[in-house]
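First up is the structure itself, then whatever we jot down about it.
Letters A, B, C and D name the chains as they come in the text, with residue numbers starting at 1 for each one.
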Amino acid sequence: MGLRAYVVRRVLQLIVTFWAFFTILFVLFRMMPGDPTSMFIMDGMTPEQREQRIAELGLNEPLHVQYVEYARQLLRGDFGQSFIYRDPVIDIIAVRFMNTIVLMGTALLFAYLIGITFGAIMGWWRDSRFERGGIIVTLVARSSPEFWVGIVLLSVFVFWLGWFPSSGMRTTGGELGGNFAARYGSVDFLRHLFLPALTGAIAYLATPTLLMRSTMLDVLNADFIEIKKAEGLPERTVLFKHAARNSVLPLVTVMAIATGSAMGGSVVIETVFNWPGMGREMVNAVNNNDYPLAMAAFFLMGSVVIIMNFVADLAYVYLDPRVEYE
Amino acid sequence: MSTERTSPTDRTETDGGTLEFIRSKLEIFEGDRLGQIGLGILCSFILIGIFARPYTIDFLNLTIPGLAPHDPAERAVGGRLESPSGAHPLGTTHMGRDVLSQLIAGTRVTLIVGSLAAFMAVFIGTNVGLISAYFGGWVDDVLMRITDIVYGVPFLPFAIVLVAILGSSIVNIIVAIVLILWRSTARVIRAQVLSHKQRPYVESAQAIGASHTRIMYRHILPNVLPLTFLYAAFAVAWAVIAEASLSFLGFGDPNMLSWGEMIYNVYTANAIREAWWWVFPPGICIMLFVMSVFFIGRTLEKEVNPELQHQ
Amino acid sequence: MTLLDINGLKTYYRADNGWVRATDDVSLSIDRGETVGLVGESGSGKTTLAKSIIRLLSDNAEIVDGSINFDGTEVTELSDKELRKQIRWSEISMIPQNAMNGFDPVYTVGQQIVQVIRHHEDGTSKKEARERARSLFDELGIEPDRVDDYPHQFSGGMAQRAMIALALALSPSLVLADEPTTALDVVIQDRILDTIKEMQEELNSAMIMITHDMSVVSETCDRIAVVYGGRIVEIADTETIITNPRHPYTLGLRNAFPDINDDDQELISIPGTPPELVDPGEGCRFAPRCPFAEQECWEETPEAESYGDGHAVECHRADEIDHLQEEAGKKETWTEQDLGRPEDSQSDQPEEVMLDD
Amino acid sequence: MPDDITTRRSVLKGAGVAGVTGLTVSLAGCTGDGDDSDVEGADEIADEVPEIHLVAPTAGTNPFRNELASIVAENWEEIGFDVDLEELQFGAHVDQVVVQQDYDASLLGWGGTPERIDPHTFIYDMHHSDNTQEGGRNTPGYANDEYDELAELQVTQVDEDERQQTVYEAQEIIAEDQPRTYIANEGGYHPYASARVTDVDPTLGEGLNSFWNMTSATPTDDDTVRFGYPSEIISLNPMQDLATPDRQFVRLIYDQLYRIGPDGFPQPWLATDDPEIEDDGMTYTVEIRDDLTFHDGEDLTIDDVEFTYNLYADSPTYSGLVEIIDEIDTSGNEITFHLEEQYAPFTANVLGQVYIFPEHIWGDVGPDELADFEDENWVGSGPFQFRDWERQAELQLEAFDDHFETPNADNFIRIPGADTAQLVNDLEAGQIDMVGAVPQPTAVDRVRDDDDLDLAEFEAIGYAMIEYNMRNEPLDDRHIRRALSYGVPKEEYVEFIRDGMGTVTHTTISEHNEFWHNPDVEEFYEDLEAARQELADGGYGWDGDGRLHYGADQ
């Protein structure tokens, strides 16, 4: 099968996956007890107001009608309107989504950079004290849930040492909005980013490190490593350009999966550090029965993973010349 | 340097006595310090979990005392937020509950969640992988698409929604974990079975007219079983962390205090900074427990396949 | 004109139960342009010997004694950096057994040749290096455009040629060829060997050909060293080794491979396995498998005896050459012997030690 | 002191473990046998009294009430009931209990916003039989004709002393009937940074969330007050459904004719004086100030006021609020409201709740679009004007200098937190200056010990309560409800669980709402003996295991 046919097939699969994912979401959310008016009732919404609001939201329509309507909307790239905020979901969620992506992206980036380097070195110096120590450290990191890491970091760096702010994304009171660079480029932002990103990095460090190490061990057994050494290339070149470069391939697939855990894990990290991200927004939306918002958040998280998987497959083809399109 | 590797063969013939089997399995821990440590920690937790609370055998009118000195839910057995003392070795909570007793009782919840969720997830995952790879074709297509979709579902948000629908009970939490967790086992087992499908022993079994079920479960399964055990170990670790995270977000089973929920309680009581005796023990227990499973997993991994690539 | 002079080389591996003496007191010298074959079974230490020359040893191996003098440079005393810069590839390159595995799969062959040229020759531009790779390909009978192909796109024979191109890219004085043709089928084997010979002569490179295949060395080598149990048990020019060997092991090896001149020859393999090299103790190491072993052989390690014209043999009974040659030709001699020491036959099988070949 | 507290054992936590492991776990000491009681129940017993389905908040939703619920469940089991305790998140809880009415007993709070200092909501809305439909505020389904008459009467009594008398009587009736157990007014502390902010003004029912605090709080170092609250506000559009946190900020930006003062009574705001009320009690005339402008510089005139009241009448969401108004006229700076019938709380509940809109911005908005209308700058006339807002991050307000009551802080920033614990951390780390939520006792102690921080104490008029679903057996029986009320440890709740924050209550009107509170209603303290007596009086009996049964005579 040629590359083109392969890509076409993958795209078709992608579409089916998206459709099924969306359907499951829809069913799941319609099964949730309560409706979006619950949160106003104790604040004085009368029964008449309530019924009127539900009709307004189309929640008294039959389920299949709601399903078709929602599917249509989604095809137009429209996530609908938030039941609670009454704003277009996309307006509410776009900024949250970027905040989450920046946070978790940084965390993953660090996890993978550190993990790949450490894993490669651990594999290279196999059976050394560094490797044995490294494995234990990695396993300890992997055994610590994100919230625990966050709490420990918070206790040490904020409450004990006072080096970092305890929460939020920037010092309050400044100019809001602004372009990407202004939002995410400032020193103030980076100070706020550090601890939550570190928490994520520690939590996601183990997978790339261990996988890198074990594939390194395989690759190092390969003849070409010996040849590269015999060629008189410096150790650094052999380690990073050849051994590590070959070991990194399986990580591409795993990275896509890690994105999934990171998307889910963002809920915890955002809660501990009060990060204005999508994970928390989703939990709020679930609690408020704001289906369009919660579904959009869920859908976006899932989409990132599904697309990352897709990209990983294609990237694999690009990175490993041996792969055949089966 | 070529390392000789025992090539997997049809292991159905190697059925020995169960005891012998276990002993032979335990041998892999020989000379593996980390594995031994892991096994030791895990066994301690299992014992603590089993004897955490008193048992009453009604017809014998006998009560076996539990390890927990107090009822973990009993208020005001000590003062509010007392630091550790002889009476309360790990101090008390903001409601005067005994932290040590909670910790001991929480062990059981961890064990239940870890073992049940892992068992079910690996059971489903192994079957899906086996069926998918063995039959191939549209069966494979459908099952693998489903797996893809599940890979797209982020665990915590999904579990939160599911718990919102079904209510927060330990059973529902396990269901949520299992519904997500089977995916990795399915993929790995599928890959493994695909390679076994080509082996001569499968062909010869087909030649003598063995049924599909027989080939899958009597011939192929025993060969992928070590990998299944490995994934079960990872699944235990994952499930425990998942339960803890869910509890930490406040979606835990209110009637079953787990370690994650203990930390959640410290967190909502806003006592993390003063009550180190309350927040560190459950955190460290989670780490130790998961670590022990990983250590054991590493030992199994060496046994299964030194080249194995896992997540 | 001696290019390489190895003297009393001992390369040992650390193992749980002691030192594995993979190369034990070996001396060997090679002239410029000369081709020397190292012949022996797997685990005899021939590869360790070869790799010791460029110190391409695993972490648990160590050159514990002896000297390796390469063209006036003492290799054992070089720093890692000097070794990489002065010796490896620029002076001594190697051709691995399976060329396909000798290339990094994620780069094109051209990229890998260019990389090594530019690493050793500071002034060479990428373009020049690439041109050189292309012309090397051309000389070796590969379409020059294929420098842009990935290793997996080559056939076995082509990959081996490409490997030769890589090995000769810097016109080294010595090439270590480790079973360069065993992975290939017979027809291609010959062609590759021819190619290697041609190129070698053109560049006037010396070569060490490592193989377990007598027929390969007999075709390509000027001299042959027979390696057993970490020692060179017999060394002589090719003609002598083929026609007039004096060591029983050489005789056995000769039996095990088809003689091109004798179509009716019955192939006889040597029973038993190579010896354990962990602290082997006194006595001839071949004695347990030798049909001619006598009391002396068990008790005393034989010294190398010269039989003129560079022919040296480590055997107590090398003098009884005629008798040995006659007996060795018979199958029964090998099959009907009692393996092991006569009085206390070694009950435990020697542990198989994994060396680097 | 915790040592004074009777120790108890939890049925529930132990039972949960046993349930899953399938092992018989000892529930030592946790039996419900009534052996230690002298109360004799009915001689002959019939069927078991049905299980009581108690719905309570999760620990995350409300840790105090969550804790209370488990004690209540234990107590009830002790007196012979079977209790099925279900813990729910807030939204699901409200939906199941208030909307679906699928519960037997429900532990929930009823908020005490300043509008509710007027007794109308607590007396009429919550207990009149007109409000028992799904989503109605009379969740228990309480229907008592005698009470209904009183609840209707007080609406019409413009004379406050007469009305007070009626409200007193009504409170006595519901105290006897116990459609709810009124547990405690949950006052408490709101922490703030005394080093960074002075002149805080916590008021009844709202603490630091009060309007008066937000205008009086004065930053010491810079010109900004940063206020933390554990959830985000939904909208600043006063025409949307507003939850309490939203209203607390909408009212900073938008003004009303009257505001509920710190004393709980409406005081003139945009109005120059108290309304002139005709003798029939149905005509209210209000004069507005002449120095009013909107944030965009336009004058606020009587036309804007009239426009606003018409807008409310057209609004699908809020027409109910002003439906009592029959007609409006204006003349000069005066506006006159003609009511359809007498409505005593008109000033507090209507004039005090309608936000005045600029006609030049809202004039073209159709009734159905009101709730979705986005005024980018949220132009009102209040003491603060809108500057910028990023949801989940911060809402920025700045002082409106042309207002007749200019606030003390030039900038006011609202920061939504993940939860109260996290906000207290932020307060301690110096990132925020005030927290509008009651922290856990642990944090209260820590704040008290911190030199830079202090606690603002306030009392509440809202209360925590257990509602009984009187549509279901056996809760339709007054004896049962009264017995259950004796099983609620109100003092332990306030003194131990809340560490002294708040006050025990026995009626629907808080003792801090002094004018309307009836101090002489029947009181229900935790008394299991009294509970048994109440059940015995009702004709119930117990079996050998201490389980409550109907009497054979019932």
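Going forward, a residue touches a chain if its C-beta (ideal position, glycine included) is under 8 Å from a C-beta of that chain, and two chains touch if they have at least 3 such contacts.
Chain by chain, the UniProt names read as follows: A, B = ABC transporter permease subunit; C = ATP-binding cassette domain-containing protein; D = ABC transporter substrate-binding protein.
None of the values given here were measured: they were computed from a predicted structure.
Of the two chain pairs considered here, A-D and A-C, the higher C-beta contact count falls to A-D. The most centrally placed chain, judged by C-alpha centroids, is A.
Separating the centre of chain A from that of chain D, both taken as means of CA atoms, is a distance of 39 Å. In whole angstrom, the spacing between the mean C-alpha positions of chain A and chain C is 54. Chain C and chain D have CA centres that are 91 Å apart.
Between chain A and chain B, the centres computed from C-alpha atoms are 24 Å apart. For chain D, residues touching at least two other chains, in rising order: 89, 92, 419, 425.
Within chain C, not a single residue touches two or more of the remaining chains. Under the contact definition stated at the top, the residues of chain B that touch 2 or more other chains are 1, 3, 164, 249, 267, 273. On chain B, the positions that touch chain A within their shared complex are 1, 3, 34, 145-146, 148-149, 151-158, 160-162, 164-165, 184, 237, 241, 244-245, 248-249, 260, 263, 267, 272-273, 279, 283, 286-291, 294-295, 298, 306-311.
Contact residues on chain A toward chain C in their complex (touch as defined above): 127, 222-224, 226-235, 237, 242, 245-246, 249, 319-322.
Residues 33-35, 37-43, 45-53, 81, 84-87, 92, 95-96, 154, 158-159, 162, 165-173, 175-177, 270-272, 274, 276-277, 280-281, 284, 287-289 of chain A are the ones touching chain D in the complex.
Across the complex, chain C meets chain A through its residues 54, 56, 59, 80, 83-85, 87-90, 93-94, 96-98, 101-106, 115-116, 119-120, 150, 152-153, 166. Chain A contributes residues 13, 16-17, 20-21, 24, 28-29, 31-33, 135-136, 139-140, 142-148, 151-152, 155, 159, 207, 211, 214-215, 217-218, 221, 250, 254, 257, 260-261, 263-265, 267-268, 271, 279, 282-283, 286-287, 294, 297-298, 301-303, 305-306, 309 to its touches with chain B in the complex.
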